[in-house]
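First subunit A sits with subunit B, and in the next complex the same chain sits with subunit C.
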Partner chain A sequence: MARFVVRRVVLLVAVLFAVTFLGFSAMNLLGDPLVNVVGVLAELDCEGIEAGLVEDTTVDAASRDCDTVAAAKAQYHLDQPVPVRYVLWVGDLATGDFGTSFQNDQPVSQVIREKLPETLILLVMAQIVSLGVAIPWGVIAAYRANRAFDRGSTVASFGLLSVPNFALGVVLLYLLALRWQVFPSAYEGDNLGGLVFSMVLPAVTLGLPLAASYQRLLRTDLITTLQEDFVHMARAKGLPPLRIMFRHALRPSMFSVITVFGVSTGALIGGSLVVEQIFGIPGIGREIVTAVVRDDFPVVLAIVMLVACTFVVLNFVVDLLYSWLDPRVRAR
Partner chain B sequence: MTADDRKTGNPTASGEGPVPRKGRASRERLLWRFRILRLVRSSRVPDDDPTEDAAVRRRLGFSFWLAVAWLLIMAFVAAFAPMLPVADPTKVAFGGPREPPSADAWFGTDALGRDVFSRTVHGARISLAVGGFAIVFGMVVGGSLGIVAGYFRGRLDQAVGFAFFVLLSFPSLVLAILITATLDRSLLVVSLTIGILAVAPVGLLARASTLVFAEREFVAAARVLGARHGRIIVRELLPNVVIPMGALTLLGMAIAVVAEGSLAFLGLSVAGEDAISWGKMIVDGAGLRDLQNATHVTMFPVVVMFLTVLSLNFAGDRIRQYFDVKELAF
Partner chain C sequence: MADLAPSAPLLSVRDLHVQFPTERGTVNAVNGVSFDLYEGKTLAIVGESGSGKSVTAKTLMNLLPRTAQVSGEVTYDGRDVRALAAEKVKHFFGVQMTMVFQDPMTSLNPVKKVGEQIAETLRYHLGRSRSEALEEAVELLDVVGMPEPARRVSQYPHELSGGLRQRVVIAMALACQPRLLIADEPTTAVDVTVQKHLLDLLDELRRNRGMSMILITHDLGVAHGRADDVAVMYAGRVVETADARTLFFDMRHPYTEALLRSIPRIDDPVHHRLDPIPGRPPELIDPPDECAFAPRCIYAQSDCLGGVPELSGLVGLHRFACLHPTGTERGMAAMSSNRAAGATAAGLPVTGSGGGSG
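Right after this comes the complex of A and B.
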């Protein structure tokens, strides 16, 4: 078991390095960060000017354009090759320094600290919604499998799985916030109650399709479990059906749901980018989209890295969880 | 080669493989199994149903053809949009802005007075083009990597597996943003971006089914007869592996269409005034005032997009059941 964990940890570290390196070099090689810092000045032929080959067109001698460029290069290490910059950048990350935003010189770590709670609350609420809907739904569907309710819910879950997140969000926003005005249409983050209340619609938008896929998995596994001997035994003992369902059958049927939990969180993070946009939640997702539009390179990079690393660690935890859940993985 | 040769539905013959060796190897094997299971199950497909009998699987049914019909209409409309007798999607139509649906403008007009019906028709172009290109790219690149990795095993397999693992470590929309953030958002770039997202899942599927087939007798026979690796891969393995990959094409396309829609919704899909996409139309009408007063501007593209994704998912799922892909994957 110990060797198994060690192997997984080594893999985890390797993947983290690969993910960060891939992201870092993609951002550096595909775009030119210098352009984002100093704008058109990046096109200046400073080497030519230093050598006297090209005329220096700067009017003000006190702040030469080339000095600005050189200062920007030094500040963001842009005069180094990409691998060196990567090492410097990882070193900074290790000390908690995520760099500074090109837009307003705010430290990126501060931006993230301000925006992260909203997104986390949204993700947690979405998972609560999906599990809260999926478990009763799946249990009822499996209890009377292939009856009217089950057939209806198959159609419903298929439909839910085919609605794109943003379409569902817009429809819910229109129906529940504008038409019937059950929920606020604008984000209210002043107090915790208002915050949670205005997060209900976004959480439902994210959680419903997920609930549909959880429900399918749970139903399939439950139907199999309900045919097992120990369930017949419990029934023969005269236990009430509800007790059999929740105390005996549900737990061994949750395996698939837990299996998907890790991956679905990744999908939720992707979905939250869109949902935060629709409902105007000032979270990580909105921040990254704004940053992309403004070419704010350090912010984009930091958020992508944060999300990817969280996702990797989460999947690592799920990998380990298997060995606890399924003895076959643990067995020698 | 007969249909029976191609089908490895029999789990006792090949699905379980040889008796797992003790220790690390079998553990690795189980872990891979879980990872693939996780992928298959996390895709937006309702799982296989234990109560459903084989006879149902072997019939495609009326609703399948209904879904196919809708998809064909969409494909036709997308291919011939500029030649169809609809209004110019980028010009202001006869009525004013935010006109409700009428005989002249079937879906009404949007905030700039453009014809929503015509824009919906033209929007099919980018959505389907990106979806189609992405899945083909994923199948060609991911498929060949997966087959080669699954056939040669060893170091190469580990390297490819690691690369897939890294690609899958990004939530897909985040990876897409990372790429589109730095490049010009042309049709090719957006299609390639979404195609890259498809590489790892398709590759894992191809690798898994190659592992199954590589252990079968006809491959051993080919090797004994002196066939070279290239021939075994192209003539023996490829025709078998293409079936599960092909059966999942439509499902993959559904995911790609939604991914393009999400990017468009965030304003990160194909840029330009005449690049119309359903996602962009939906976000255009999603402001609170438009949503309140001119609901039709968003709701028509929402409905059309939903029907298209639903048809892709439904037809795709039927095809998957028809070819019994789930058994093939292991």
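Right after this comes the complex of A and C.
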């Protein structure tokens, strides 16, 4: 177990290095970060001005444009080559300094602290919705495989999978928030109760399509498990069908669902970009959209890193779940 | 109690038919099986794979897939078993009758501790508390000869050997003191060295608890000495049934005879050649209207190809479905005429030395 954890931590660190290096390089090579800090001044040929070859166009004599540029370069280490900047950035990161947003000079760590809880709650609720829907749905479909309910749910699940989440979100918002006014149409984040309540629709929007894919997997695995001898044995023991489904067949049939559970987090985070926009949730998803559009790369990098972390940690959790599900995995 | 009223059988099966619709056609898995089983007795159902013996067992336990078409009567202690199953009557299967499966590697749930799997039945059927049920599970494991039962209850199936797992399965089946135990090839999947132990254990438990047992096997040797009655099945029918002694020493059906000849015996000379049964069991889709064994039978005459022979006599007596039974004059005559012709009516070559009564 200890070795397992150590291996995972090493993997986590390696993944973080790879992801941040790629992100860092991309952000620096695809656009000039200097532009984002000093605007048009980045175009100035300061070397030429210093050498007297180009005329200095500074309006305000108190602060020369080239001094501003030089200060910005020094503050964000933009006078260094990209690899050096990366190392410096990682060094800052190690001390808990995520850098400063180009946008509003807020520390990135503060931005994340403000926006992350909303998104986390949304993701957790979406997974609860999807598993909560998919498990009973898959069990009933497998129990009555190829009957009316099962055929109907095949159609329904493909329907759900093919509806894009912005469409589903808008429909839910219109029906349940505007038409019938069951849920609030505007985000209420003042207290935890209101927050959770106003997250229901976004979570359903994210969770339902995922529930559909979980249901497909669970149904197929359950049908296979139901052919197993131990299920016959359980029937010969005279246990009632639902008990057999939940106590005997469900656990050994959860592997595909758990695997996809780990992988789907990426899709969920992607989905949360859109859903947070639709429902006006001030979360990480909205933040990263703004940050990417404005080339606010300290923020983008921090979020990318966070997503990568979530991914690795979640897949670690999935591995733990495997061994919880099946004692034979534990023995290895 | 059984001594006072031996009249009514515990389990009675009459004219059982089971069909499976498939894409290739309807499989006639069981074609009119009838037998009685009395309290405290063992009935062995013997046959090759595909003879319908396991399907018969699964029908009794209501374990067939929904697509199966079943007709006929199954009566347990005066109650219609198929009606009980349809009404989803609680506490019948698992309490009155239960089953032990062939492969202990697959018949235990891999993700549950063996103790839980035994205790579960006790809790559901007898309403025991978790701790009571676990204690009883330990006792049951002790009864079936599991070493260190108290430790085993908290182990998972993959931590046990095949033989030990089958003991768990037996303990599980015995938990609610069933009156009828159906053992479907209970030792086929375990090591030869363990087989005899398990069979003797089953037999001993049956005697101690006054249980009745249906022992399903492809091996007549397993039935020998353990069964009171034997039914030999072929192509979904019972072709011969009698008390064990009659069946082993005075069989009438050529298939029973052939089965016995194909078993190696300890008193055979070394390198003695076994007599395998020529050919293969017939297709169960659209079977021809003839004795199903005729193509493989060295006694076969032209009348064997003219229709399926009926099982003679009354249920409970020595019955066989053969027009030219072995050990009778008709059988002798059939054999010698086939030898003279060099082939049976179905075209199977017969040599002078090959099998038969000689």
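Going forward, the second predicted complex is superposed on the first by the 297 of 332 C-alpha atoms of A that agree within 3 Å, B and C clash if a C-alpha of one lies under 4 Å from a C-alpha of the other, contacts with A are read in each partner's own complex, and residues count from 1 in each chain.
Rule of thumb we're sticking to: contacts are C-beta pairs under 8 Å (C-beta built on N, C-alpha and C of every residue); 3 or more make two chains touch, one makes a residue touch a chain.
Here the structure is a predicted model, which is why all the values come from computation and not from measurement.
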First (subunit B), second (subunit C), both or neither touched by A:L178: first
Subunit B versus subunit C as contact partner of A:A234, first or second or both or neither: second
Touching partner for A:L12 - first (subunit B), second (subunit C), both, neither: neither
First, second, both or neither for A:A70, with subunit B first and subunit C second: neither
Contacts of A:R247 with subunit B and subunit C, given as first, second, both or neither: second
Winner by number of subunit A residues touched, once subunit B and subunit C are compared: B
Overlap of the subunit B and subunit C footprints on subunit A, listed as residue numbers: 326, 328
List of subunit C residues in touch with subunit A within their complex: 58, 61-63, 88, 90-95, 98-99, 101-103, 106-112, 120-121, 124-125, 156, 158-159, 169, 172-173
Subunit C partner contacts - residues on subunit A that touch it in the complex: 228-230, 232-240, 243, 247-248, 251-252, 325-328, 331
Complex contacts: residues of subunit B adjacent to subunit A: 22-24, 27, 30-31, 34, 37-39, 41-42, 44-51, 162, 165-166, 169-174, 177-183, 254, 258, 261-262, 265-268, 279, 282-283, 286, 288, 291-292, 295, 298-299, 302, 305-306, 309-310, 313-314, 317
Residue numbers on subunit A that touch subunit B, as the complex places them: 3-4, 14-15, 18-19, 22-23, 26-27, 30-31, 145-146, 154, 157-159, 161-167, 170-171, 173-174, 178, 185-186, 209, 212-213, 216-217, 220, 223-224, 256, 259-260, 262-264, 266-267, 269-271, 273-274, 277-278, 288-289, 292-293, 295, 300, 304, 307-308, 311-312, 315, 318-319, 322, 326, 328-329, 332
